[in-house]
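Lettered A, B, C, D, E, F, G and H in written order, each chain numbered from 1.
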C-alpha cells in the first residue's frame, strides 16, 4: 500500500523496522529529518534502541564501530561535511569489516559551503571500502536500506554500506512510498548475528596492526569482499523482488537502452528527470537511453560494459568533480568501456543544488552527439 | 654540491630556505623527522617562524589556513591517518584558495593500521583540489618544494599543494642531495605576497557560503585554476632548470620510452627500481619503458596519451586501491588513453610496505604482455 | 506541513500520483519561501523545480510587487491569492485567472490562528477542480485529529464554497 | 647514525654514490634491527631491500643462531662479526669469508661506551677494501667533533689495522 | 549609551536572521565592543548562515569562516601569523554552543592549552538552531529539542545537564572566563573589551535566546534572557585565573516562570505537569545560586 | 601481594615494549585489576603498537583498537551495545597522554558529557613516544622533546605547563577522577577497581615513566616514578564529584633530584645551569604541594 | 561580475537584502513620549533604529523585520506594533 | 593460515615472540636471601617473574628483557644483573 510522506520520514520508518540496536548520528542538513524522526521513535518507545546523541560525526561513526564490534546492529546517517569528518573512521570501519549501514543524504562539499545537493560527499569516499548504493526515488531509498543490511551482514561479506539518496531532492520531497510492515521486514531481514564480537567469554583482539607481511593480504581480502558483494546484492535484490514485488537484482539498470545510439549514465534522482527527458527525445525520434548505476561500489564495470555494448555515444552525468581530474563516474565508466569503441563524454552537472531540467538532459545529449564533452555543463558564464 | 643526508632532513632544510612564517604540524610516522628538524631549527634561531605544536592534524591544517589567510607563507607535513583526519579541512583549504604547501611522507591507510609506505593517503584526496606532486628521489623531493611554493603562490593559481615522497623509502633513506643555498632559494622564490588577506585596513569576508546560484561557478573556477597550474608548473620547472640545472618542465617524464612496446606507468620512488629493471629488460632485448607521473593533480591526461602514443601495452603500477573499484591511477590512465588502442592493465602493488624488487617489475611486464592484469600483484597466497 | 504538501496529499488521496517539495534553502522564519507540487496519473519521475506552473497560490500578498509571483505562468493558468484587498495590483500574464480570497480572516475565524494552509487548499480545490471535497476532507482528517480536524475541514469548506460560487 | 649510514657516508666521501636505509619498522629499543647500504659509481635508483648482500656486518653476535644472518650471501661475500669468541658456530654459506672482531671491547676501551659502529666501520674498510682510510677518517671527523672525533677515528683505525693484518 | 558608538554599524542590517534573533543582537554588540581593529573567525551555524550568503556579507570587519568545528584552530593560525607580522588586530572567535560545547572542543582545547592570544565568544542559544533545533551539550536539562523530544520513554525531554564549558576552559588555565547575556548589553560589551585586552586565551559565553528554537514571541527575546537570570538558570559571572570574582546577584523567581513561557518546556506542563522534572530544574537553579552566591538576601519580608 | 592473582597473566609476555617500559607494566596491572570480565578499547600509541602486531596479541581479554583519537567514542558505542544486550562486561579505555590530552579530547569530552558508564585510563609517559618523543599537552614544563627541543631561541625546552586533564574531566562532571603511579602498583589497582565499579565516566591518569623517551636506565623506571611523587611533580590523588578527597603525602625532595636523572632535562644543567627554569619547575611542585596539601610537616628538625 | 577568489566578498552587500519585506507588524515610534534613552537602538538585532536629529529614534523600515524587541524594551512605552499594510 | 576477518586474532600469540633474545644483562635471583615479598613479580613489565614451588621467585628467560627493574625494587637485594652470555 502506498503512503504519501516525506523521503526522510520514509527512510526513518524503514530503518526503525530494520531494528537497529544502537543509533549514533549527528545532525546535518539535509539528513536531520531522518535522525529527528528516529529520536522521536525512541522517545516514544516505538523503537527499542540506544540513541547516542554524539558531539560530532567523528564520534558518531566511532561509536557505531564500537557498538557493531560489541555485537549490535547499528545505524547512522550523515552527509557532506559530516561524512568528510568521518573520512578516517570510514576507512577504519571498512578495514575492520563492520556491517554498518549509513544513510547519506547527498550534499555538496565545501568550500564554498553549500547545503545543497550533489554527490561529491559519498563519491569522494569511493576508496574507503564502503559499499555504495544510490537511490533514484524514495521507494528505492527505502528498499535499499533493507537490502543493504542483508548484504552487509552476510558472513561472506561483512562490509559497511552507504545508502545514498539525494539530499533535499529526495529527502525533503513528499511522494508515495510503499513501506513494508514490521513483519514483512522481519521475514526478509533476520535478526543480527555477529560473525565475531567483543566478548569476555571468547576474547579476541580487534583491529591489530599489520606489518608489510600481512597488510596487502588484508586489503586484498576486503577488496574481494566488495566484489563478492555483487553476488550478494543480486541475491538479496532478487529475494526482495520475490517478497515485495520490486526487483533489485541488477547492479545497473537500463532504460530504453535496447536500440539506443546514445546512452546517458547517471546515479540517483537525476535518473528520474533523465527518463522523462528520454521519453521526450524518443518521441522526437532520438534513439536515447539511460543506464542507471545502482551500486557504485563495488563498481559494476563489466556490467556497464555489457549494458552499453550496443551504444555508440555515452554521456555520463557526474554530480561531482575530482578537481583537476574530471568527474569520478565518467572516469570510471571510460575505464570500464576501455576498448569498446563507444565515444564517452563526461559532464559535470547539478553541483551544489543547481537544478536540472529535462531540457538540460537533452542539451547534454546534443553535446555528446556533437562530440563535445568532458566539461562542466550549465555554467552561468555571466558570473565568471 | 652534493651532500649525503637523510631524505627528511633534506626536506626540512629546503623548507627552511623557503622561509615559511608559520608552521603547524602534528607528528606521525614517517613524517616526524621533518617536523622535528624544523622544530630544532626554530629553537636554534635558524628559522624565523612561528612553530605551532598543535594537538591534532585537524588543527594543524586549520591553523595553516588561518595563518595563510592572514598573510603568511605557511608549511605543514603529514601522512596517512593524519592526512585522513585533515580530509574535511583539505577540501576547505582548496576551495578557499590558500597556497599552503604540505609534505606528504606517503604511507598506507588503515584498517589495518600500517605505518609503512604506499600512496593511498594522498591519492584518496585526489578530489580535494590540492595539487599533487610526486618525487622519485630525495633530490626531486627537495626541488619540488621550491617549485610548489612558486606555483601555489602564483596569483593566477592560488591553490595548495601536496609534495609527496614515499615514507621510509625516501624519508628515511640517506643519499646524496644537492641543497640550494639560501640566496639561491631566495633568488628563485620571492617573498610571499598574498593575493588578499584578512586585514583591518581592508576588510573582506572569507569563506562565505554559496547558494545554488554560485556554487558551480566557484568549483569551476577552482578546477580551472588546477588546470592552469599545468602551465605554471611547466614555467616554474623550466626556470628551476635554468637556475639549478635540473629541469622539471614536464608533468610526466618518459624513460626509454622512444621505441617501447610496453610502458610502465608509475609515481614516486618505485620509478627508480623500475628504471633499473627496465635497463635489465632492455639488456635482455625487451622494448620496455617507463612513464613517470610527476603531477598527479592536475592529472596530465593528454600528456600521458601523448607520451604513450607509440606503445601497445601499458602496465600501471598502482600503490593504492580504490576498494571495489581498482587502482586509482590505472583507472585514470585508462580514461586518458581511451580510444588509443593500447592495452592497459592495472597492478595493485607495494601496499603497506611490501617491498618491490626489480624482478617484481619484470614480472608485471610479463603479465601485461600476456594480457593478464587488473589485479593485485605479489599476494602471499599462503596467508589467504 | 505546508499548503503544497497538503494539496499533494489530497491529490494522492484522490488517487493521483503526487509530489511536493519546498524550494530548498536556508531561509529563516519570516523570510519568503516557495514550494512546489506536481500531480499526475502516472508515476512522477521529474525532479526539477516547477518553472511553468499551471496553478499558483500566493499565501503572502505583500510579496506581490517585490517578487514576480506569476512568473512562468501560461494562458489557462489559475492563481489563488490570499488577500484582504481583492483589488490588488499586479501584472498578471494574459489568460491567467486570479481568485482572491481573504484566507487569513477565515483562518483566524475558524482556527483562531492566521495559518492559511488548509483554507487555501479549499480555495485551490474549488478553483482548479483538481481535488474533490471528499479526498480533501480525508486528507485533513488524516493529518489533524479531534476538533482541529473539524476546524480545518470547516475552514477549507468555507473557502471551497466561497470560490466555488465564483467559479 | 647507524653503522650502515656511516659506511655509506664514508663511501660517499670517497667519491661513490651511496644509499643507506634501515629496515623500516616499529621496533623498540633492545629489539634486533637491520639496515642496508648500497654504493656504486653510478647514481643509485634501486629502492628495494638488499636480498643478496656482498657484505654483511653482524653487530650483535647473540643473534647468530636465532636468525640466519648470512641469508642471501653468495660465494665471495664477506662477513664481519662482532664477537668475543672468534670460534662461534654458524652455518656460513660456501665461499663467504668471515672476519671476527671484538668490537665491543675496542669500543669500550677507546670510547668508553659499547657503541661499535665506528669500530666496525674500520673493520669493514679493511676487510672489503671498499673504503679507504682517508675518507673514513673524513667521514668520522665530519660526523663527530673534538675529542669524540679523535676517539672514534682511533677505534676505527684499531679495527682497520687488526683486520688489515688478517686480510 | 554614550559609550557605544551609534550610527555606524559594523554588523550591518540586511542579514537573514529570524526577526528577534538573540545571536544577531550579540553579533552587533560584539562588533561595538571590538571596533574595527579585529579579525573575526566564525564557525558554521545560524550566525554564519544568516550573515554571509555570497556575496552579501553583513560583516564590516575582516571575517573568516572555514568549518563548523575548527574556528579556534583557524584563530590560532591567524594569531601566529599576526604575531610574526607584528600586526595589532585582535583575534576573536565566534561560535554557537554546538560549535563550542560539542564538535569544536578539540580545536578549542588545543588553542587554549597553547595559550594563544585570542578571545573565544560562544553565543549560546542552547541547541543546534541552524540545522533545526537539535540538542547540544548546552541544551538545558528538561528542554525538548528534535533530538531530545519528550515521549513515553523520555518524558522529560533532554535528560542531561548543561555542560559546564566555563569551568572546563578555566581548568585549561584561561586567564579570563566570563558569562554574559544580551539582556545586559553593556555588561556584555564591557566583558568583550576586557577579554580582548587580556593576554592569552579568554572565553565569554553569552546567553542569546532564540525565539524560533525555544518557542516564544520574537519581541520577548530580551525578556527571556532576563528571566533566565532572574530565575538563576543563567548566571552572569567572571572568572579570573580560574576563580569566580563577580557574579550578578538577583532576587530569584521560581524557574517555572521561565519554563512556562517557552514551547521547549511545554511538555513539562501539558498534557500533564511533570513536577519531578520541574523540581530538578529548580534544583539546578538553587545549586547555581549556591555556587555563585547570587541570592540577594531579602531583608524585609514585605519585599 | 596476596590480592593480586599470580601466574595467569592476562597481559602476556612476548610484547615488544622496550625493556623497562612503564606503560607495559601499567597494562599488566590494569588487567590484574579488571580481571577477565572487561572489554578494553585502546588508542594508537606505544602500548597498542608493542602489544598487537597481527597476529601476536598480548591481550588475554577482548580488546579493540580503531584509531588514535576516537577510543572514548568507540567505548561509548560498546557500552551502549552492552547495555542494550544486558551484558555485564566493564568497558575500559586505555590511551597514552597524546591520545588523551591532545587529539582524543573531542571524543573524550563527548563521552564524558553523555555520561557513559566507562572508565578511561590515561597512561601518561609525558610525550608521544610511539612516534619518537614529541611534545604532548602532558609534557612537563622545561622538558626537552623532539618538537620542544632546547636551543638559543628556546633555552628552556617545552615552554608550556602540563595540561590539567583531571581538572578538565572533573569539570565535565565525572564522578570519580584519580591520578596514580606505577610506583605504587597496589594503589593503581585499587583505583582501577573503584573506577570500574563507579557508575558513569571515570578517569584515571597513571604516571608511567618511559626510559627511552625520558632518558634513564631501564631498571630505574619505578624509581623515577617514585621520585616524581617525592618531589611533588606528580601528585597521587582522588577526586569524587569534583572534589579532592585524598592526596598522597610526602616529605618533599627538591625537584633537581628528579630532573638531574633524566636526559630530557639535561639542558637545564649543561652546558650551563638554567636556574630560572629549575626554579620555575620547583614552583610548580610547590604549587602542587599547596593545592593538594601533600607536605608532611617535619616535626623534628633532625629528620 | 567576476567571482571573488575563495568565496570572499567586501563588506556592505548585505544591505542589498531589504529585510523589511518580511515584516508582518511594524513598530511605530512616538517621539513625544520618548525619553531618548537609546535602548531601542541598542537592542535592535537589525541595528536599524537610528537617532533622529532631535535625539529621538526611528526605525529604518527597509530592514526592520518587525520583531517587536524595541517595543518590549522601551521603558516609556513609546513604541507600538501595528499590522503592516502594503 | 587464513587471515582473520578485520585484522582480529585470539589471545596467546604474543608468546611466539621470545623477547629473551633482546637481553644484554640477565637477572639472577638468589632464593637464599629472598623474603618472598613478590615485589619482583608485581613490577616486571613482562610479567615473566614466577613463583617457584618453594615460594621464591625466578624469571622466565624466554621473555625476560633484562631491564633490571626487579633488581632495583628487590628490598632484599636478592637479584643481581649479569652480562648475558650466549
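Details
Everything that follows uses one rule, which is that a contact is a pair of C-beta atoms (placed from the backbone, for glycine too) under 8 Å apart; a residue touches a chain by one contact, two chains touch by 3 or more.
Owing to the predicted nature of the structure, the values given are computational and were not obtained by experimental measurement.
Ranking every chain by how far its Cα centroid lies from the centroid of chain E, the top place goes to D. Averaging C-alpha coordinates per chain and comparing to chain C, the farthest chain turns out to be D.
Across every pairing of chains, the maximum count of C-beta contacts belongs to A-B. Averaged C-alpha coordinates give centres for chain E and chain H that are 57 Å from one another.
Taking each chain's centre as the mean of its C-alpha atoms, chain D lies 66 Å from chain E. Averaged Cα coordinates give chain E a centre that lies 23 Å from the centre of chain G.
In terms of their C-alpha centroids, the spacing between chain A and chain H amounts to 54 Å. Among all residues of chain H, those that touch two or more other chains are 3, 6-7, 9-11, 19, 22, 65. Shown for chain A are the residues that touch two or more other chains, namely 53, 55-56, 81, 85, 88, 92, 95-96, 110-113, 115-116, 203-211, 214, 217-218, 221, 353, 355, 383-384. Residues of chain E in contact with two or more other chains: 16-19, 21, 49, 53-55, 57, 59-61, 65-67, 69, 101-103, 105-106, 109-110, 113-114, 137, 211. Put simply, chain C touches chain G in their complex at residues 30-32, 61-63, 65-66.
Chain contact summary for the complex, chain G toward chain C: residues 19, 21-22, 24, 65, 84, 86. Chain E meets chain C in the complex at residues 16-19, 21, 46, 49-50, 53, 211-212.
Partner chain G is touched in their complex by these residues of chain E: 1, 4, 6-7, 9, 11-22, 24-25, 28, 51, 54-61, 182, 185, 211, 217-223.
Those residues of chain G that touch chain A in the complex are listed here as 1-3, 6-7.
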